[in-house]
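There are two complexes below, and they share subunit A, which is joined by subunit B in the first and by subunit C in the second.
Our next item is the complex of A and B:
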């Protein structure tokens, strides 16, 4: 928590690839909006992006009742919003009321509903609030992270009029926006930049009692093209670059010393790329050819052969220039608290893959094409996001790998939204490459992916008639870890989930890319982290060293 | 002087280029899709005759590239072994244009060495082989689409010009709509309706049809003008009064006059259509990976690090320059010679000669 003590002043220039859609913490969905909101707001209990542990924020301390269902939070006194108005328990109660309101469709609402029942909040006095959970919930204090506390005085009138969802858009005058974060909005120029200035009422202090933040201003430029983003960082126009591609990293590496910046490869983050097959129940849909191919996709032997045929190390080397880690189950090596170290790392083995297919009744035609037991050639298409270069390269490599074992795979680049449409709505695809990234390292955020009726159970979203035994076990384990309170038992349960995913391959995990960022050397206290916001998570402590 | 010699030099050169591309399987050392995953972005292989000990070799040879850095593609020559370049190497059977089976390639080196005369791409695929195979798509898209455009143009233009009245009105207003639309955006729009997932052959045919059909309007207008003036000529009127049918007059008196315009239009349209294919593939709407086309090869240059670090990736763009030069010199020649060409054609015909 304690960094080097800095000095005041200076302007930090950063960049984002898309414009923020809103500054309203309740409705923000996209990454840019969340990044900016992260700088201008604060939560009750915060997850430290570096240690991944929880730390006191607006709540200076908290207590859990022995049954794990009741949390009592004591709030900091004397804290003020960025417009100078004081903060107290009323703001907290109002905030949770708003987040839980169905009509506002807040994306965080889902996290605050535990087995169908909302979390209940109660004001005990002006600086004490109590939260009641419908059932014991593992690591419940992590729920409070990123729930931005809203000013009751400013927003309650709008809430009563039913206008809260539209509040705090980009055109709202800055003086009508107030938060508890280290910065506040100063200016927004559509399509160009958003300027934040230091919040004079911010509540954190450094070890010498000086009020944070150190920086006077943060300017966020909107640079939509990743190459342009790299070039402008190289030219010194921006001070920090988040989300560098591996290729961009090696380009910038050449100038690292000459241009006064430093690049950081902090190892794999929480994001992972994976290949999956469409095994949705398509009985009522006119998608005959896909239904036929599902007889292959549903065979474990088939998926295992595909997984074995893919040369993950080559993907790491060619697509990520070594700056990624090959993966065989879904938890990245970056998630040190939860990864199951016992999962065997497989090997690329085309001969082994052929053996598995032969045992499953497949055979090869004289021209080398793989034929299924019903004498049909094996062929399918792989969707990928046309805007994502890495996924395009992965698809091309997988195509070549599968050709080795006689499978004709077609890579189909699609614009991201129409790809999501096919995966989530029409189920009109055969296989796809996707990436998932979590906001937290805790298994609870993965619930919707692995539980069979979860909203991100991408490979099979239709209602199930009968579950396979391993899927039943995953459901049971995931729900059990949710209500287990101690870490070692939860870890045991989640280790088993990882092993089941590794054994049954509902998705074929490929690689976990490293988090690559860069920053000028003169930025003090710069410690990039694997959780988003990778670079500015400790924005209040960042400062610019004076140049001698 | 130069102009007169143009077709004698340029035409054989163009035919030669197309033949080389058509026989890509023979001239290319490798298959376009074969990946060498230990050799991404290998620079062009250097050909030596003097080895690192200063010894002269009778047969040119190469050294293997050896990676010098982890991750980032950086190579130096591995002097421990020489790999002589061999000609007419025997390889597993491959097919030329999907018809003729063949077992030889013009040159190659023994494995594990690889010869990349124009370097390799992100997957370690030989750029020369991809350039040659890619030419099959890019170079042939031009002439084939031009045949479609000109056939449609001649048919509709001559019909409009000869019959006049409402047929002319309808066809020409329709042509104006096509001319008014920016063709690139029109191509995008049409391409968007077509299936995303199709084999390279289907995509190639689709591309040709789309490009060819969209381009019919300009030749049609020019040909209409010729037909319009020709039908008023005395010899046409005379033929009519003798009872000649419309089909006879079109075939005998009107279409022969069109050849000059058709040739200049062809010389103008072919390079433009080559570029249209390259543009569509560059933007990811053409043939899909791993099949190469000059456009999707150039697409790699959209990335800063590639354009900055690996110059050989831009060679397909250089290959376009002589192709354009050849077609445009033909265009210049035919434009100047337009009248003399139609004359030359008439010289060999008997009977009437239009004035």
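Our next item is the complex of A and C:
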């Protein structure tokens, strides 16, 4: 996306809620580190955060072999790292060797393993590399996004000494860190800020041939409290604010004109909140009461009634102040490339929910409590993250909605990691509210969620004895779309997955919150996107209309 | 004297060892670990998460982890931060210095105000100044720290006189020495005021009560009879006699220097130990949590020790015993 021609200079002040923990792209686990690394590094093929499609980055062009297993990438010539050293195919080969090294445990390694086998990279000449995939892979081009190319000259000696994982910590002197991104590290002050300065060797130019980036500096302040972050943006101490809450957005809206900033509601992102029941196989565990309740949770009619009883529009209205979308399927309307528009949207219908339960053999006591066919009152707890205000409010509203159909639901707030411990390790929960999101819109990243033996198949993580036909179909479809290379066929397969999820409700999708951000009006080329980094994805093109 | 302090130091060391063991045992019961959230990333497999756990010894037994930590303390590293992927000591020291700057300044401010006002209130018992002192104390005690901090941040945002958070401006390194001092003062003012306001009522009440008790003693009545001026009577005779409880309280003030500002640091974005500790607890970055607990305990122990030394120096009765 070509932006407006800008002016050189100026300092952009942004904020992050947590401090970056490392500047090493291989070992970075947290979002803030990845955001900062994204500004100081570049990849071979990049996902455009605005169009969601792929675009040339350090690879100026690429070709796929007819069988879809071989990708030949031609690299840009004359590109230099931020320390002035030239970039070539050796850097690419070294980078992928490092990412794939089992000893380094890079979280991005999984991306490069296809059907259990790693992709192979080969240098053809100084500016051409070939990647060989074990099988055709639909999202192969997208694999290269966010794999930061590392300087072989600087890091290979450390790699040989087995010290690569410890390289590029926060206290590493800036001159020892080199990347291919629009900025480079200038200063890090523990607990306060990280300052990036423009990379004088950056390879991108604007439409008039001027070298990017326009900005002289980006200062990233650490402001851990969301309210303080909002207030400091309002006070003018920061120029950009990401991940605004609906409440924060409403507060700032009042001062939008007076304080010279503009707020953006760019619609739903990729994240969605959902409710799910514990249907793990608990036979070998002493969790008797949950095992009994699983007879309800495993019934489609029960899940359907719960889904129908939940007033999603009220959640949108009251929890998100209208800045979210009610969801009936797991792909948000923000994911325009993959959302199945044919999925019917439902309505809150307590009477309909009662009808479904009645047909499934449930009945009501005189005091209105729902009783199961074995004459036990229907009651369960809903686990949610105590640190997430929206989820807390959602749980309370769901509790009230379920009361309408005679179900006693108890909202149980739990500290986030304790909640994850119950969901992933001990399975001591009945139902839970969670949110899932990922850095890409492609269905491939959700393989672990929807395939029955996936590690993020949160509602049922135990080994399965027998799959239901729809689960088998989801497994087959997800594996098929993985190797189907043309978009329309993949879309058909994934549309079917969405329909199966909607019909069988392994999870009950609730809402997809909007991406809310704010920025000073004087920032040019500011086009927030639904993919992370929402605000600075085109940092090289941002400029200040009035230089400080 | 030397034997007494040697015994105190030895018992302090034993206390520190006990706290370290207790911290390890208690944290063992905390559900979840640092790598748990990685499971939420659909791109990261369970195998990778488990490999990371093994690599950093998260799965090792409690004694193994404890002795590894002791070994690392002996090397001056104080354990390993999983989040920062680096030894904990440098991370802790930088933050601890910032916390001490904030809490130390707030403590000095609170004492400087509390002592004259407490003495003044006691000297004018039942009169307007006393009512003023007691009223102020009650109001400050009634306002929760959180509310006061948020109000101050809001004032800063609306007025623009003070920065709404942080420790220094981002162009601090480019400033002249005087500008640096002013910048630091402007950032320090509100969180310091907030901290001082929360400890001030307690100090003031103690000072007032202690001085009041002394003012009723016969030697003060005798001194009054000799015609000693009121100010001299209060500050040269009454206040030193009332020093014992205040010295003990001073010891406590030193003891909580590292642990009293967690909330204020988070709200004002002060880059101290409080923010680091909160983040470490939420992330289960256990060594940072244990180190913070150890530092806080060390300060508490030192605070008590300092109070004992001061009591020994000031009170002949303690020396006699």
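A few remarks follow.
Everything that follows uses one rule, which is that the second predicted complex is superposed on the first by the 546 of 548 C-alpha atoms of A that agree within 3 Å, B and C clash if a C-alpha of one lies under 4 Å from a C-alpha of the other, contacts with A are read in each partner's own complex, and residues count from 1 in each chain.
The working rule: contacts are C-beta pairs under 8 Å (C-beta built on N, C-alpha and C of every residue); 3 or more make two chains touch, one makes a residue touch a chain.
Given the structure is predicted, the values throughout are model-derived calculations rather than measurements.
Legend: residue contacts after superposition of the two complexes on their common chain; A:271 is shown touching neither subunit B nor subunit C. In the superposed model, A:231 makes contact with both subunit B and subunit C.
In the superposition on chain A, contact of A:206 is made with neither subunit B nor subunit C. After overlaying the two complexes on the shared chain, residue contacts for A:145 are found with neither subunit B nor subunit C. Once the two complexes are laid over each other on the shared chain, residue contacts for A:514 go to neither subunit B nor subunit C. In the superposition on chain A, the chain among subunit B and subunit C reaching more residues of subunit A is C.
In the superposition on chain A, contact is made by A:396 with subunit B only, not with subunit C.
With the contact threshold set out at the top, residues 227, 231 of subunit A are in contact with subunit B in one structure and with subunit C in the other. Subunit A meets subunit B in the complex at residues 227, 230-231, 246-248, 250-251, 253, 311, 314, 317-318, 321-323, 381, 386, 389, 392-393, 395-397, 399-400, 403, 410-414. Residues 30-33, 36-46, 48, 51-52, 55, 83-86, 90-91, 94-95, 98, 150, 153-154, 156-157, 160, 163-168, 170, 173, 266-269, 271-272, 275-276, 278-279, 282-284 of subunit C are the ones that touch subunit A when the two sit in their complex. Those residues of subunit A that touch subunit C in the complex are listed here as 11, 13, 18-19, 21-22, 24, 27, 29-30, 102, 105, 107-111, 165-166, 169-171, 187, 189-193, 195, 219, 221-225, 227-228, 231-232, 234-235, 237, 387, 415-418, 420-422, 424, 426, 434, 436, 438, 445-449, 454-456.
Of all residues in subunit B, those touching subunit A in their complex are 33, 35, 37, 40, 70-73, 122-124, 196-197, 199, 284, 288-290, 302-306, 308-309.
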